[in-house]
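Sharing a structure below in structure tokens format, with a few things to ask.
All chains are identified by letter, namely A, B, C and D, in their written order; residue positions are counted from 1 within each chain.
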Amino acid sequence: MNYEISKEPIDIQAVIDKVVQREAGAITTFIGTVRELTKGKRTLFLIYETYEAMAVKKLQQIGSEIEERWEGAKVAITHRVGRLDITDVAVVIAVSTPHRNDAYEANRYAIERIKEIVPIWKKEHWEDGEEWMGNQLETVAYPKGHPEEKDLNE
Amino acid sequence: MNYEISKEPIDIQAVIDKVVQREAGAITTFIGTVRELTKGKRTLFLIYETYEAMAVKKLQQIGSEIEERWEGAKVAITHRVGRLDITDVAVVIAVSTPHRNDAYEANRYAIERIKEIVPIWKKEHWEDGEEWMGNQLETVAYPKGHPEEKDLNE
Amino acid sequence: MNKVLFFAHIRDAVGQESLQLEAAGKTVAQLKAEIAEKYKLEKMETVMTAINEEFAMNEEIIQKDDVVAFIPPVSGG
Amino acid sequence: MNKVLFFAHIRDAVGQESLQLEAAGKTVAQLKAEIAEKYKLEKMETVMTAINEEFAMNEEIIQKDDVVAFIPPVSGG
């Protein structure tokens, strides 16, 4: 169960434990937390919603892509859903590899891919309203019905 | 106490907790673990030794360099010393930043700098002997008595 | 029959998490256009479609019992 | 008097963690050469020197009570 959607707070150490291996000298983690200010606007809390069955499949796909591309890599990802407050952990990505540069690169690849293909949506709640966030670049369309190139922007 | 040398196993979550901030949307960690095989040779265990007072100062310096270079970054580093077995955690670097690319880059900078300027040494123990490891590039010399450029090799 | 799933702002607009309807034989694009018209959904060109938990092209033909999901631009991470 | 600290393979070669000796007025390079000769240390050109926990240049002159440390290539991380 290296790829999970969780309704409860994420145990970071438990995600890390899944990628420990005798052949690995490096583990990187990415921990996405809820930030208070985005472009000067104050977030009160977030709601994350998911299409869980598909989200788990897409997380697995990302893991497979990484293991194919970076030799010896092991991956675990847990994404939380439901209501999250400021500083709460939304996602934890752990990647272990024999060499450290790969651990950084593979981890970064994972977060970019999550933002592209994993069916999870966040609704921002502010003092004066709420809104489902698009892909952070609201103008991006996928005319062919699916994403074809990486959106590397935050 | 964001920069520590520890004789006990490192509590990864405790290092992460030091960099949590309301302004940060991303935390990266680097966890260096003891790998069993290095260039085909089987390691039994390692001994890490340090010049502790100076090592803490140099870790602090690395943190300051990062906070100067990446706006809004917060850093914590703990390095373990003493005897470590395979898969034991030798170092944990946690970096939080408002934006995720910075968290990856600043973290990578930290590990490279540790391998350059922090007075910590490891002795590898194999079945047929033991040896203090140099800077992994045994031919590197510092003719001016201190390192002047980054050694980005592992 | 086919189950059609909605998420995020589309779920809010439709007012339901899913619908049961007959879509077999239609293309993804046809079903999308019908749903968009019925519920007055905008920006449907940014919405992807999944069939049985895999992304599908607009030209793909929906089969009997397929589960179809409309996937607005994702914002996880 | 000055305290001189040794680490890693230099500590093994010298057989002690530190020495007390009079080094005030000498340069880092002079002290390094003396220690290297006395303990038959090799590859000293790869060894850095710290004075009072900061890296020092070879030309720097050691002061009274300075703590000097020889820093072989580091291998933490």
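Here is the rule we go by: a residue touches a chain if its C-beta (ideal position, glycine included) is under 8 Å from a C-beta of that chain, and two chains touch if they have at least 3 such contacts.
In this text the structure is predicted, and so the values were computed from the model without any measurement.
> Farthest chain from subunit B, comparing Cα centres?
Following the centroid criterion, the farthest chain would be C.
> Where the CA atoms of subunit B average out and where those of subunit C average out, how many Å apart are those spots?
Computed from C-alpha means, the inter-chain centre distance equals 49 Å.
> How many angstrom between the C-alpha centroids of subunit D and subunit C?
72
> When the centre of a chain is set as the mean of its C-alpha atoms, what distance in Å lies between subunit A and subunit B?
The separation of the two C-alpha centroids amounts to 25 Å.
> Would you pick out the residues of subunit B that each touch at least 2 other chains?
Counting only residues that touch two or more other chains, subunit B contributes 32, 111.
> So which bits of subunit C are touching at least two other chains?
As it turns out, subunit C has no residue touching two or more other chains.
> Quick one: which chain pairs are touching?
A-B, A-C, B-D
> Considering only the defined contacts, which subunit A positions touch subunit C in the complex?
The contact residues of subunit A facing subunit C are 32, 48-51, 53-55, 57, 79, 90-91, 111, 114-123, 132-136, 138, 140-147.
> Which subunit B residues qualify as touching subunit A in the complex?
Interface residues on subunit B, with respect to subunit A: 12-13, 16, 20-38, 86-87, 96, 98-101, 103-104, 107-108, 111, 154.
> Any idea which subunit C residues touch subunit A in the complex?
Residues in contact with subunit A: 5, 7-9, 11-12, 28-29, 43, 45-46, 48-50, 53-58, 69, 71-77.
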